[in-house]
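Once you've had a glance at the structure underneath, I'll fire off some questions.
Order of writing sets the labels: A, B, C and D. Residues in every chain begin at 1.
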Amino acid sequence: MSKPRRPSPVLVLRVPSGTEFLATIRDTTQRTARLAGCDAVLAEQVALAVDEASTNVIEHAYRGARDRQIEVRFLLTAGELRVEIVDDGAPVNRRALPEVDLERYASERRSGGLGVHLMGRIMDTVTFRRTPHGNVCCLVKRLGAGGELP
Amino acid sequence: MSKPRRPSPVLVLRVPSGTEFLATIRDTTQRTARLAGCDAVLAEQVALAVDEASTNVIEHAYRGARDRQIEVRFLLTAGELRVEIVDDGAPVNRRALPEVDLERYASERRSGGLGVHLMGRIMDTVTFRRTPHGNVCCLVKRLGAGGELP
Amino acid sequence: MLLYPSGFINAHTVRVFEEALQEAIGSGRFRIVLSGQGLRYVASAGLGALMGVIEEVRGNGGDIRIAELNETVLNIFEMLGFNHLYRIFQSEQEAVLSFRDGAGGGRTDA
Amino acid sequence: MLLYPSGFINAHTVRVFEEALQEAIGSGRFRIVLSGQGLRYVASAGLGALMGVIEEVRGNGGDIRIAELNETVLNIFEMLGFNHLYRIFQSEQEAVLSFRDGAGGGRTDA
């Protein structure tokens, strides 16, 4: 089979931008990551990264509005799992993306800024891009062999 | 707010037609039914009905082909939860839909034919229709008050 | 023979359950107790698997008896009237002991 | 004071967790053990809630100590280096007893 340039997603989940849907996103990610060949620990981590990205869409891109949409797409290609979180809200200001210094974190009494840091710790790449269809946060994890999916 | 004629779905899940995705469909349905106001027992039942409909799409509409798509849409309107399971495979032959006689069932040594029966026991209405976009199995459950969703 | 199916029995996993049933039957063990402690969910595929072997089991003087179902699973059994087709017990022990008084049959247990 | 958060702590449920922390602090109980037996998952919102109160707790001579985390949750704590910021114990009892030898601080426990 020839490989298409832009593979179509294996699985797509579209939910409203209410935090009550975050658990569905998390669970779906965890299951899909397992099917893609992630071991149990890694699947939990990837689910966390996608939860964080989706939480940020709700809190930042949509500023808490509950009536917008979040689309989560799972793509599998040549040894990697790619998860795209898509919104049509305010774009990310890349300069606002924080570098977390955990040493100073506690004394600064901050209680935010950990999400993007976690995403970066877990995934191999984290990128944000604007497209005509919305903002896309793309999380990529390289996989070893295995996985049930074709 | 004026109510649109054809409400857009609250949640959409699109998966490949492999049985390994049935658990994701089931879990997503269970969670969404809870959010729609179903109690725990009813949410499990609705999840079962949607699992059965999706299993039938894989086994009958797609005859076991794993590379097709199943779309599950959840709609909430005026006191009812509606779940649409959409495929683009072979349409349902309504006359093939069985009436199960449980008395004779065991002695007939059958091991199929329970899915549609269960769907009918659980849901208020079960309908199959063809549309230009595919076959739609529509499952409707009337709800009491409550539910977190707008 | 005690069987402990676990997790989900749906169209994806039913093969494993069928194989466990066939293994019991193939080795001549027709008094089967299905203990549902670890069972979270059964779709019709799983119920179909039971129906597919019950005649053979009973024809050989045995039975499949069921115990320890959680509320969800019991509810599914009842919705299909399986509580009239199968003897369902609260505890595994009751199900096991039920085979003491006479062997199989059981379908007409009221 | 023992806290038993349960299930998922994510952006949807974190409010409940924050309120439990605030209630402890508000009633002057600054020696807090967070026992994770029932905790299946914590997102950064939950970790942020801890960070949001830890200075106040320690400033009052107390501490938040953590126990009985499952593998997934422990893994998240470690990924963020929270095992250097908080004392984490295997058992609830160890965490409770740890308050016997001197009160709070704990951040520099190696």
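FYI, a residue touches a chain if its C-beta (ideal position, glycine included) is under 8 Å from a C-beta of that chain, and two chains touch if they have at least 3 such contacts.
Computed from a predicted structure; not experimentally measured.
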Distance in touch steps, counted as few as possible, from chain B out to chain D: 2
Degree value of the rotation bringing chain C onto chain D, based on Cα positions, nearest 5: 180
Farthest-lying chain, centroid of Cα atoms versus that of chain A: C
Distance from chain C to chain A - Cα centre to Cα centre, in angstrom: 42
Distance between chain centroids, defined by C-alpha means - chain A, chain D (Å): 26
Shared interface positions of chain C, touching two or more other chains: none
Contacts with two or more other chains, residues of chain A listed in rising order: 20, 23
Pairwise chain contacts under the document criterion: A-B, A-D, B-C
Residues of chain C defined as touching chain B within the complex: 8, 10-12, 41, 43-45, 47-49, 51-52, 54-55, 71-72, 75-76, 79-81, 84-85, 107
Parts of chain A lying in touch with chain D, wherever the complex brings them together: 19-20, 22-23, 26, 41, 44-45, 48, 51-52, 55, 58-59, 102, 105-107, 109-115, 117-118, 121-122
Residues of chain B defined as touching chain A within the complex: 9-16, 18, 20-21, 23-24, 27-28, 31-32, 35, 66-67, 148-150
